[in-house]
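Common to both upcoming complexes is subunit A, partnered first by subunit B, then by subunit C.
Right, the complex of A and B next:
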């Protein structure tokens, strides 16, 4: 069965290659999503073992990136794709870079979680990180769904959502500064919290990037560094 | 040939013949025949055009009655088209009923083809995992439910196996996904909301773990004082027996609590920790040596049919062997035999503990791994078992993807067989598993 968004080719092998490539990217997305949710869980529950496990498992994401990258290179070399297919390959090459970065950020969060677990925990057990993390995980999920469905409207939705994440990050930063001023002994711990929030915010940015590639892939226009429209105009 | 067709043919021939005869009377039979043929043709063309117009406009008044071939053709046509319309209607009705019933199902159902691409899904699937019925058709289902566990299930195509995944839509929800074979080359993915069940079993697990933990500290105090009481010179002789009994029982309680904690640890951490290659035969020999000094127990034989190593946790496999072996010793008279066997082939490995003891009734076998289950209600735990050994064995085996198969015949003996799948075996040279 052909996916609606991809054009049909005379060479069925080519079709299958492209379809496989897309499936692989989505599988990689699934792995990254799982890593992110485990990393957030490790922070919230104070599970140092889980945090370390996430940090160790990052190699799986890296392997997939290399694997998909090679596959893209092979298709570019042997099939010389044009138009929509070329955009698909270009978008995939960019998407996997962002996914890999998200994996790296998740690794960082996992590592920080294992460090934070050893320190005394605040009464709210990092609720603000949980909220931000939930938000970002949601963005990543929607970004991958938009990629799977090639849905421009959903992609715009995620791009718009990124502003909210930035605001939340700002709020956490303010809160952290207040904590550090109140009690200088907590600086070490709160610094780690800031790093976590920073990583989560970066993940939001990467999810936004992926959505911009989706828009590029479907409509062929580059919407990076442009004004985000209030409502979708397409 | 039907009556109408025969009449049509005869009429046609008669008309042409009449034309030829009239022409012959005027001396030109060929011209007569030609005129008759042209007239017949014109008549048929008129009828044909009329029929076409009737089909187009749906107004069949001109053809409704009569015996001629066109009228017959029309009634035949009307009969067939009404029949197919009737069938269509009943099929549509049936389809609507089926769709209604699949939509009423509380469980999500997704029909997949051999490539795991979505063919159809019901409404519950939409709500549980966020599939869109029209838009997502033809795409692979694991493009939307991107859980690595589910991808593994789909790739293995294992019918009847199920995995539990976090809901892609709501954070705290859990879904159970299972594959069912469906027609030729198709699969049905059933998705069920198991949040409540998972929550309950977690509550139960936490309760057992917390209760055991809370009971432990008072028990430590009690047995500590009992120990110093037993050593006290000034204690009256008459109390000595009572204190000894109390010490023994306190020790047993500690043992039970220890096993309960172990059990909840095994249940709780489904995560794979560091696993290594395990030499099963060596563990068997060690277990045998542990019982070496005892004289009043059955003879133990270690039967190493294979040297293949197992990929797993050595400490946990050791617990399995010790538990099965001490069970066997407990239920086998001193003149009996106990055999520990490790064998392997292409289909997997088997760790077997067989004895010639009293055996178990078939009706009890399925319940043996329940916590605190006792075959003989009258029998106390004088033999020293905690009632948790087989439950621990079961959970360790679950963590190693293995199954416990129990065969037993009362009076003849029992056989506890742990079957490990082939992927758990390290063949010849140990390869680094990622």
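Right, the complex of A and C next:
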């Protein structure tokens, strides 16, 4: 099976540089996951300071991206990797771009959380954003696990999950429009909710992108813009 | 000067593969520019069919991305390029990701245009979207020109222009909120305007990203997340 072949190859022959690089990407993923989790917490608990802190801390994500990018360039230039090693580097260059953009969305959510904290709070403490945020955080964690284990089946699972996230997102947008029509005084507040939902939905897209790179990395096959298989047995 | 050195290098020594690759990226940029221009036209003229056609045609952008991506992988694997050539390939891998995302935003604008065409039309035919769209289309054209000519000064100009686009975008969002509060019956329609404005603003971000890759390509310096110089003489 291709997956185990590549895994064996990694464990046997990938040199320390490549292992370090993979670990850095996983660390960057961990940081981005933490940023997302704190941003959602700031929304749900109405914690303005926490929201702003998430926004301030985005520079850490950016620094990691630049650092990993330079490392990829160095390895490409000095080692001229081939086949699976080359696909790993290309996939990492793309993955960190998506992780950085997830960081940007978490930053936006942090700012929005601080705005929302200063406004009237609904009785349900933004339960719909908590649910969508939890779902998207789960997708991101699964995406990074699929990256860590080079697991194509798990990667496809995340790609499929994105459709559910899109449906949840559409439902929130419809709900927001209903709220605003029923109570036009809520418009300013509810617009911030729609922006939060939009950022969360975008994070789902980025997690999906990362999984498509994992599939490319393992199978050497570009599955973007193709039909998603119902199961991965095919 | 570094620019002319790299340009001379390209004209003298870059082989046909690399020239073809650059030309493909420029063709992809041209297609994406056309998609954006048609999407804006569909909004302004209330042409539902045109909007849907833009959305349908997005597959052409996707196909070009996959094709160029494969070509980059092939060149990296078979030629192991170094220095400026390597930076060109890495910059292209990133550039086409942003061009593809611009295509996605044009697709969204196309769908929104077809929705808006079926709703009441304001007397000014969405002049604010036309203005923002024109500004963003200009940024995209300048970004592709900077890419074509490896012109760092022009690239910085686009990066700076993004701040103006962001301001225009914020103004439209404030205007939309005012409209909705004054006439809650307009909420559904105006929400589509806010999504259009958001997509246009995102396209500005992507054009800016492309220019940052141009600067990296020419100078070998990663300028993302750094302070934008007021002039490029520094």
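For this structure, a couple of remarks:
Methods note: the second predicted complex is superposed on the first by the 218 of 234 C-alpha atoms of A that agree within 3 Å, B and C clash if a C-alpha of one lies under 4 Å from a C-alpha of the other, contacts with A are read in each partner's own complex, and residues count from 1 in each chain.
FYI, a contact is a pair of C-beta atoms (placed from the backbone, for glycine too) under 8 Å apart; a residue touches a chain by one contact, two chains touch by 3 or more.
Just so it is clear, the model here is predicted, and its values are computed rather than measured.
With the two structures aligned on subunit A, subunit B fits next to subunit C without clashing. Applying the stated contact rule after C-alpha superposition, one finds that A:31 touches subunit B and leaves subunit C untouched. After overlaying the two complexes on the shared chain, residue contacts for A:160 are found with neither subunit B nor subunit C. In the superposition on chain A, A:87 contacts subunit C only, with no contact to subunit B. Once the two complexes are laid over each other on the shared chain, residue contacts for A:115 go to neither subunit B nor subunit C.
By the touch criterion stated above, A:144 is placed in contact with subunit B alone, subunit C being left untouched. In the superposed pair of complexes, A:23 makes contact with subunit B only, with no contact to subunit C.
Contact comparison for subunit A: of subunit B and subunit C, C touches the greater number of residues.
Note on the superposed arrangement: subunit B and subunit C approach each other to a least C-alpha distance of 16 Å. Residue overlap on subunit A between its contacts with subunit B in one complex and with subunit C in the other: absent.
The part of subunit C that touches subunit A in the complex is made up of residues 59, 62-63, 65-66, 69-70, 72-73, 76-77, 80, 82-83, 86-87, 90, 93-94, 97, 173, 177, 180-181, 184-185, 187-188, 191, 194, 198, 222, 224-225. Within the complex formed with subunit A, the residues of subunit B that make contact are 113, 115, 117, 130, 132, 135-136, 138-140, 142-144, 146-148, 151, 166, 168, 171, 271. If you check the complex, the residues on subunit A that touch subunit B are 1-4, 22-23, 26-27, 29-31, 33-34, 37, 49-50, 53, 134, 137, 141, 144-145, 148-149, 151.
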